[in-house]
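Each chain carries a letter (A, B and C) given by its place in the written order, and its residues are counted from 1.
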Amino acid sequence: MLFLKLKRENFFQALGEFSEYALYVPRREGERVLLKETSLQDLPENLYFERTTGSAKEILFPQEETLFYFKRYEPLERPKLEDRKKLVLGLRPCDAHGIQVLEDNFLNLEPVDVYFKRRRENTLLVTIACSQFEDNCFCDSLGLGPDRLNGADAIIYDLREAVGVLSRSAILSEKLKGYAFQFQEVENEDQVEKGEVPRRDPEQLPILSPEEYLALISEDKLWEKISSPCLGCASCTYLCPTCYCFDLQDVTYGPVGKRVRTYDSCMFGLYTLEASGHNPRPTLKERWRQRFLHKFSYIPFLEGILGCTGCGRCIEVCPAGIDLREVIKDVAKFKR
Amino acid sequence: MWQSSNANPYLPLPARVERVRFESEDRSLKTLWISLLNEKDRENFRFRPGQFIELSVPGKGESPFGIASSPHEELLKITVNKTGTVTKAIHQLDQGDFVGIRGPLGNYYPIEDVLGANLFIISGGFAFTTLASFTEYVLQDWSDKVKEIDLVYGARTPGMLLYKDLLEQWRENPRIKVHLTVDREFPGWTGLVGFVPDIVARVDVDPVNTYCFICGPPIMIKLTIPKLLEKGISKEKIYTSLERRMKCGIGKCGRCNIGPKYVCRDGPIFKVSELEKLPQEY
Amino acid sequence: MRQDDLFLTCQKAFQERGLDLLLGYEKSSSGFLRPAVFTAPESLERISWDPSASLNLATYLPRFKSKKVGILAPGCVSRSIIILINEGQINREQVTIIGVPCRGLIEKRKLGDLEGVRLVEFRDVSFVLEKENQRRELNLEDYLSESCLSCAYPAPVIYDYLIQGPSREGSKGFLEKRIKDLTRLSPEERLLYFKREAEKCIRCYACRQACPMCYCESCFVESSEPRWLQAAPEPVDNLIWLLTRVYHLAGRCVQCGSCSRACPEGVDLMSLLAWANQSVFELFQYQPGLKIGEKPALGEYRLEDPDFFWGGGQTEGKKCCS
């Protein structure tokens, strides 16, 4: 990794080197904050961006993605791959952690998802270390932090008159080198100057090992208690940075059509409903168990990282007021 | 087990329906024989019994089906039960219609792990597909490397039994003991009567050196496994093929998981000892 | 309303009625209320009710068809319960309604950035928030949900027990100002407005799940034969979802605002629902959830129903399209 220090004006000049990339930043639109294409001139000088309402996974894994086109009943297919280069600036470390989980699923586990791969290759993700905490966010309670690089290509630290950039992307490093007044190779991200990153005294949440969680699968009373207020909507899953479950659907327009990939949610009954009518997860109890264990047991099993980023969006948005932090504590109490 | 000449795992390989046949008198079960159109795809498509394909009817959707033909056959054979949108569309397909295939997907019945032992093959209804493939494969290629082979196969009525031509052949074959059963008495039926788990309980097998392979509706599996355990067969020696609603078939969409295992990628064939530690979501 | 009044009455209800469970609210760590299921009288010490509640509790009732359920109910919730009884989803005997007074419910979105904010208390006409040891007192009326500002029945219309306390004054009930503003737009401008709202929708169905009247075991969106709309959130499909839901709720919606508060993207759901309700009221003089034994307006035919096509029924002074 390369750690560079640039004067603020030089950093903006350096961004000009990425003219072939479309620049995306979080921008407020009414009650939501969305990733919108913007021009270099419209960037805020203090490089402060609000956190997006939905997670940043949209930029690599959009809610609607056409996989290929076909003519009905004929074997003619044209795959549709995204070729546009994008530079996404202003995400948070929690978004980057979510991207890591998605990368593990789509890229690192065979076979490779070519759509995600093409988007990831054409996108540069630059996060900014948090300058304030968000409503209900708790990444530091999980042992993560508001200043981690995680899965991003680079992270920016506010060093007052200068900006510090920790980059693990060759493209970024090369282009930024020419504008930096200082740069050096680093092995560990904790060695670099991070400026003032907000700290609080976070409550450390008891995270068990994947095996310990798996041992709790038959604790019916636990899962019933947790899932009893749950309504079974998909708000939490659609806004979650690490949720990647999707549905495939064929859409036709007369004689031609396309196969589309869209978000799906394990909270829906239809998710596992089999054609015979049998549903292996018939009630919200089983579905909540799946949601929780997927994030805290199965993803750690398969990928070695936590499936939750601690961003707190699910807590903010849940109409039934379910608080994942309390769920984590409740589950840990049942540990054998 | 993803092997495909296609680098894009979501893109189906073009294929064509070569032959169709109805298996049951109520026409709810239809068998299709399918060929891949491109020669390169045909060369690269190597599968083992137990694996499945995702069959696309472009415009309607995609569904997973166990491969019922043995690996030596030229055409891919699948049997489809008419239940939903995609299967209804498949039932309307006829010779010459175009479809798409993704596969072979999933893992396979590990014949190499059970050499020198007895095989106890148990199935019910139209889930018999992959085990039919396995039985043919064993009789063709591994006949001298395994000991006794017992097959218990049951259906609701005699008409619902699949591949009656194969069943006839096997009945004549001294290498395999075929126990066919139907749920209730039926005029003209001279075979066994009773549910598969009860018939399984009555078959004599060597509990120490027998491997069991079960594929059937969830309720049948749930009731059969205890009968096998009662005989003294170890959980390590019982393989079962699970079914789940699937979409991507390659372990990406998150839908078919049982614990940290994906039925489409780490399965559909699991040992009962593996399933014990996982949520009972099948 | 006094907290101890609430606690004692709920305890009494539990014992006297032999309840299996009670649906109410409890304080979350930030001080705002959230739904809670109380299964034992001892757990009732957590029960609470104030304007920071958000979800219409009646949405949980169809889950407990065979149980004896107690439920806290302000006006809108009590009306929802009546509709559920009238539509055959629950029995009057199995539900124990604990009526609570209602001063309106807060729209959390109006409060802006809630990071680190704790709700301290509610006073007569105001409420107090605390952040980083600094307190702010805000006027309650300025932060109420739209549905509450034009609520026609704040006090419970039916109850088995009643907690004393002041409720808002009821007003007309159809979001008059919003509807007037929208009527002033040209049809093209109106369509553009709703198209923009539909673009925000992510089809999470939180609105549907938060609504007590959406109790269908299989919603029309899940139908694959015929498939009415695709799963992807295309604006056209989103609009179909929103509009069809309005039609399914016309004359059944009590405008509690639960859907609107549940929506994570802030889609304007209330305007069309209010409009549909207003139309039903004008055409059939019917408001849902006021009397047990009534059939839903669009589920019953009466001879006096206005028939604009053949010219029967009472069409005097009524228009078929507004």
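By our rule, a contact is a pair of C-beta atoms (placed from the backbone, for glycine too) under 8 Å apart; a residue touches a chain by one contact, two chains touch by 3 or more.
All values reported here derive from a predicted model rather than from experimental measurement.
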Pair joined by more contacting C-beta pairs (A-C or B-C): A-C
Distance-maximising chain from chain A - centres being C-alpha averages: B
Chain with minimal offset from the mean of all protein Cα atoms: A
Computed distance of Cα centres, chain B from chain A, in Å: 38
Centre distance in Å when chain A and chain C are each reduced to the mean of their C-alpha atoms: 33
Between chain C and chain B, distance of the C-alpha-averaged centres to the nearest whole Å: 50
Residue list for chain C, restricted to those that touch at least two other chains: none
Multi-partner residues of chain B (at least 2 other chains): 84
Contacts with 2+ other chains: residues of chain A: 247, 249, 264
Parts of chain C lying in touch with chain B, wherever the complex brings them together: 224-225, 227
Residues of chain B that touch chain C when the two form their complex: 84-85, 88
Complex interface listing, chain C residues touching chain A: 28-30, 32-37, 54-55, 59-60, 109, 113-117, 200, 202-206, 208-210, 222, 230-234, 258, 261-262, 264-266
Chain B residues within the chain A interface of the complex: 2, 4, 7-12, 14-16, 37, 56-62, 81, 83-84, 87, 97-100, 217-218, 243-245, 247-248, 250-255, 257, 259-260, 277-282
Contact set on chain A toward chain B in their complex: 67-68, 70-75, 77, 79, 105-106, 109-115, 210, 214, 217, 244-250, 252, 257, 259, 261, 264, 266, 271-276, 278, 280-281, 286, 289-290, 293-294, 297-298, 301-302
